[in-house]
């Protein structure tokens, strides 16, 4: 056996530096946390945020390079293109804000532990790997890393059975979904002979007009789609989401809805557009139908909830529907539509991540110890009790409802514009109508906060959460009022290395 | 010979699987799982994947099922689950429809599409050699799949950390208090 | 200059909201000063307006979201001029004249934000900017109704918000589609209304679909029967100031939008759809009036009268003759003044008696003759008695619509009978008769109220007697619009 | 090497895998013991593994086999975490019926 | 002077402008004097204008006094302009003249009323509006006045609004009038769309030149007539006028007898070229409606007990006469009768007001009688009015009524017969009134007890300020006929004066049988009047026969009740139905959509059972569907 000819693939350390920063921080926290006496309050989240912030910064620094020359890393396993950089920044940023919100939650629940922060970091690694992978096997491993971290994080609050119930449900269903995804990968592999996205596309591109292997491939696409749709909580693969969002510790819910959802949707975009563009005519109608169902289902189910976290869970499902509108648009042939669609989805991901992180950070404060009181009633009179907190939450909610001059409107406008550009008028119309239905749910919270009076103590806003809220609200209004710079970024985002 | 091996292996796989979903006692289910895992391993061997087959037996049948049994015993939940009754109306018929549907679609796809898979079995270097198998896999793992390999390390860290976080007696470490 | 009309109230809303917490005694002063300053700017604009030009004047054009071809593009022409002035006038009057009863700081902040939004809607020449303003208005109005309203205020506020938003949801799709479909003719992606009007050409089917998406949004806002049911609830439950603004200017955003955008961009489709709109307008006139007759709540009655009055405006808008469109535009202003004044008066009644039930009120004229006299003048204006402002618009609409929509106009004309019926009947029940015990203590109009109402009465009489200054200034723009629609 | 005139082709293995996947899916839907449900997920993963190996053999490609190794690692990690969650739950309640965990709904 | 015609409406308007802020400070009686002075001033100006016009040749008498552009949009050009011509100056003269007298009367009549200044404010506003109506250069200015007088009528009828009946009557008057206004407005729209102008001059010119299609002219004329029916209380819109008697009596005299109600006749006269250009049946319809109304109202007047209601129905009847004249092309006669009617009907109303004043607001004639002794001046002037309306020569009413009957006979003997019967009834019911009020034995003593608390129970004569107008009007009622005497063409003063205005529409009767036998017709009319008077004297004075006052007549043929039932029954039900429809169906659909969405949510929500196995099932089912789709695509 000739073993000497092995040539290890080149490793682009600079490009991998964000991942390394995250992994290094996670390991450092674990090792130091295990070996040293309890840390002073705030040091854990500070370390986590610093590490994640460093990762985000390292990624952001490479933006122009990535725009100029999108490339793949380590023998073609990971992409390093603008989309990848954006996802990296987005996920690392979510960790920064998520860990800050989480630290206040952990303090309140008297559950400080380095593991929770480490899992946030590993989840981020999984998310980034998953979304940036250019190899379906790597995608799968990233997905599992993300999922396993989230299962544990969801089940983390052992004082509350709902938390564990959420973890277990998420876990079992997630396992099934992973199996579906993996089966799809296997079938794709069988047809294309490779799991590299670019190579798959190349193989399929050659076989256009040769329908003989279509069945196997298409069923493979279908199963990949199902697996990712589950992660992105698209109807009808959403059923885990309300329970898990409800049961999980509130800041974790925020993290799942931001980084988790962003990774899943970004992966969907990359896989569909890079690996299967030649079958767009086949998968686009499915995305249309799933998108419409998701939009309407999310909105309709959200308005009948009495529990705020469930409500926001369903609303998060609806937002995933909006993201699909952009992806559906990208699925239309035609360079402009494709760019606009993918960019719109990216913009939506970023904007929604900020909104939902802030929202759940605020909700986490209001619902009180043990995440116990999560019904709408709890928010009554908040406007009088804690006007600043209520104002911030109102801005975030109105942005989610898509009120103009907030980032939420920019996001919605982006996907609708892409859809219209691609000729998907009806899907755009369904999206807008679902936004109307969903508006009712945000109004219910606003009503409770401002228009109903209830005596109660003021809700304290600890410094870390304050930072989160300020950042989220500032970004919401900043992007909403002056979206130019943000759109400039998005203009370059839709290019994929393979 | 090949047919006989296939038939036996297939029988092991499917009987074992049937056992997993029908045996009311989790211990029995776990043992049925072992049967399936062995059957799959046989099929691996039948297709020349010796190394993988070995790992299948060692890791899967060995480590994972043992872990299952360990937890079952640890928790003392080896009582039989009542599999005769189904509290959820229509759950079973619907599940049957869904499972049959999924299986049917997949069977249809593989039967219809398998022919499309480029058959290069003959053109490749001798796959029957166990050494070659291991070397190829090693090249693959540390070459094309080195990122995947590194990610699995993170994954294992997650598993460890997660288990620690889930099973530690006290909820928090009391850091900072 | 036009930017100031939006930014002054917007910024002072922020100031009131933020600074007011520390210095509550300043809030009212800031609000009054800024709204009066806005009025001053509007008056200056009115003074410098060139009455001979059909073009947009005082145009402000700055890049905003260049990536999407969206700009901060403001301008005013004869059609929007008086709506802007009306807006600038109503807000200070409401801010000075109506007491919110509680949480004044927030109330004033929302009011000023509302003013900014309404101004923006009337001034925007960019479709995107218009949509933003059109939608942003919902938020302050929602809070005003929900926070300072009566009775079922939250139901009403939510209904208002959701209903209006539902109407305009598809307009966003329509706006984007307009821009995208016009991209090749215009040569760029732009939301600029003048650019689109200049170059965009749509196929018949496209134009009609797009028109429908715009028209639906505006029809809800107007509101046209049968999309009107949010209006009585919103009006009835809104605080007095909210009702005045709602009736005075918010509804006009619908009719203005129809004229400026739906008709202005898609003339062929507008002509095609005009029988439908004639029918809905006329149904609104008769139906609104009949429904008004049967109301027991004074405010609800006035709300339904708005449905009827707005029917006239829509009729005139779609008749697309010079007289009818001029009438519609002037009627927008007139309805704002008259119905605004009616809501103020009803608000005063409700403040004094804590009820607006017609059955609970009696003989107010006996105890408060000046109040009753003011009410009479405003009522007669609303009925459309010549010599007062209401008549000018109504008459022009009808005489201008008679050509293109003869039989609809004949039916619409019967609306004047019904208008007299419901208002006089209500007046009779509320003001005539011997006051009973509960109404004997009804206070006569105060000096502050009198000063407030005298502004309205002055406008009512002045417009009715000498509308020429208004008509002259809107003429070139209306003619240009008609020419465009006829030529298209 | 056809015996009895019948050659065992790739499809045969693929069909077995598909059936195994279906059985596993059925098991997840009807079993109530979370541990057994987890086993059913393992069945599904094994079905995928079998598919991978079969296709890899057919393609004479090593990637499929490598992937199966990774899947086994994932399966191991998944089982570890899953069992940890089950253990955590079992500390607070005595039964291991997944149906009992239905406080979150609607 | 003619150029100063704008002073005529301006003076009363100044009165209004002063009375609005200062009325209460001026108070009783200075507010009244001010108002009276303003109207008197307007009268003086009008007289000056008239005198100046007299000095001009006939074709130069018409002037347009332009003030400013009122509504100018596109080709619609409406000026605020006054048309001072022979017709309008006649109208203005008697409006300001009688108006001034009634103002003067009201200073006495309204003395002591709490809202005295407001009354004169309204009255001045009315005179202003009426002057705009008659002086308007175009239909729209006329319409301004038209609606203005309607509004003032509303305000004045419900002046004593504390009385529910007064409040209701005012509203009823306004709304009924508005029904007619729809006609006027539509006529304007039609005129504008066919002629392109609302000016009388251009409209007349177009009609005259045949540019107006016959059917269009018919439509314009009849729509205007609908308005006239409303304003002048003709069938079927007459029912507001009897109720309008709820207003103070000077109002009844000024508005509901002398001036406003004749606006319809004026409008039709103004539009006589259009009516002339219409199809032939259009004037006939006008005549038939007029005759029908005349007879209908006269029969009702026979059985009324309220002193003012008798006069109200009489007014309706006399207005019917005027429309009969208009329909017969006798425009001059119509105007002639309008003027004389203004004299004697104002006189009668003011007289009745004096009676009511003297009787402490008693209006039921059954409780009067023998008042000629208590209030001699009132009685004397009232009797003059009676003779005038009854058609006794040489009182004013005789001449004008005769002139109308002459033209009507030329048009249609049937209508003439109707007119004659009406004349008979008129003489009858007016005699009945005079007898019941001023003769016979006093029946008011029975009420003395009721008034005991106030002290003075006996009827008394009214103050001089009230009597002076009575005397002046009585004088006019006697000599008013001199305007147009049938004896010679040279004595047709009014006809000569109005000729340029009505030449398009005025019927020519020379050569008809009626013209040839006009003395015979005159004699018949005198005999008929005499029979009517005699009959009433026999029934009510000598009590030789039982009075025929059937209940159905007393209830005005139950037309009012039927209308009320219609409005109150099916009408109200329909309105309620619409309101119900709105609240239940339209709003129901809206809320229904909301409920539907919510119910759908609630229903779908139940799928989210909380059992993880159900979730797996849902996911699996979704997966199978997606797989099946792709499989199908692949197989295809």
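All chains are identified by letter, namely A, B, C, D and E, in their written order; residue positions are counted from 1 within each chain.
Basically, contacts are C-beta pairs under 8 Å (C-beta built on N, C-alpha and C of every residue); 3 or more make two chains touch, one makes a residue touch a chain.
Model, not experiment: these values are computed from the prediction.
Q: Among all chains, whose Cα centre is located farthest from the one for chain E?
A: B
Q: Could you say which chain's mean Cα position falls nearest to the mean Cα position of the entire protein shown?
A: Centre-most chain by C-alpha means: C.
Q: Can you tell me which chain pair comes out on top for contact count?
A: Per-pair contact counts point to B-D as the maximum.
Q: Among the chains, which one keeps its Cα centre farthest from the Cα centre of chain C?
A: B
Q: Report the inter-chain centroid distance for chain C and chain D in whole angstrom, where each centroid is the mean of the CA atoms.
A: About 65 Å separates the centre of chain C from that of chain D.
Q: Taking each chain's centre as the mean of its CA atoms, how far is chain A from chain E in angstrom?
A: 78
Q: What whole-number Å value describes the gap between the mean CA coordinates of chain B and chain D?
A: 5
Q: List the centre-to-centre spacing of chain C and chain E in whole Å, with centres computed as mean CA coordinates.
A: So the centre of chain C lies 37 Å away from the centre of chain E.
Q: Note the residues in chain C that touch 2 or more other chains, in rising order.
A: Within chain C, the residues that touch at least two other chains are 162.
Q: Would you give the residues of chain B that are in contact with at least 2 other chains, written as numbers and ranges?
A: As it turns out, chain B has residues touching two or more other chains at 88, 91, 94-95, 98-99, 102, 105-106, 108-110, 112-115, 117-118, 139, 144-145, 148, 152, 155, 158-159, 162, 166.
Q: What residues in chain D touch two or more of the other chains?
A: 21, 24-25, 28-32, 37-38, 51, 55-56, 58-59, 61, 63, 66-67, 70, 74, 77-78, 81, 84-86, 88, 98-99, 101-106
Q: Would you mind giving me the full set of chain pairs in touch?
A: Pairwise, the chains that meet the contact rule are A-B, A-C, A-D, A-E, B-D, B-E, C-E, D-E.
Q: Please give the residue numbers of chain A that touch chain E in the complex, ascending.
A: Where chain A meets chain E, its residues are 168-169, 172-173, 176-177, 180, 211, 214-219, 221-223, 225-226, 229-230, 235-237, 239-240, 242-243, 282-283, 285-286, 290, 297, 300-304, 437.
Q: List the residues on chain A that touch chain B in their complex, please.
A: Listed in rising order, the residues of chain A that touch chain B are 1, 3, 6-9, 23, 26-27, 30, 33, 38-44, 73-78, 106-107, 109-116, 118-119, 122, 125-126, 129, 133, 135, 137-138, 141-142, 144-145, 148-149, 151-152, 155-159, 183, 187, 190-191, 193, 212-219.
Q: What part of chain E is in contact with chain B in the complex they form?
A: Of all residues in chain E, those touching chain B are 609, 611, 613-614, 617, 620-621, 623-624, 627-628, 631, 634-635.
Q: What residues on chain D touch chain A, complex-wise?
A: Checking each residue of chain D against chain A gives 21, 24-25, 28, 34, 37-38, 41, 44-45, 47-48, 51-52, 55-56, 58-59, 61, 63-64, 66-67, 70-71, 74, 77-78, 81-82, 84-86, 88-89, 91-93, 98, 101-106.
Q: Going by the contact rule set out above, which residues of chain B touch chain E in the complex?
A: Within the complex, chain B touches chain E at residues 88, 91, 94-95, 98-99, 101-102, 105-106, 108-109, 112-113.
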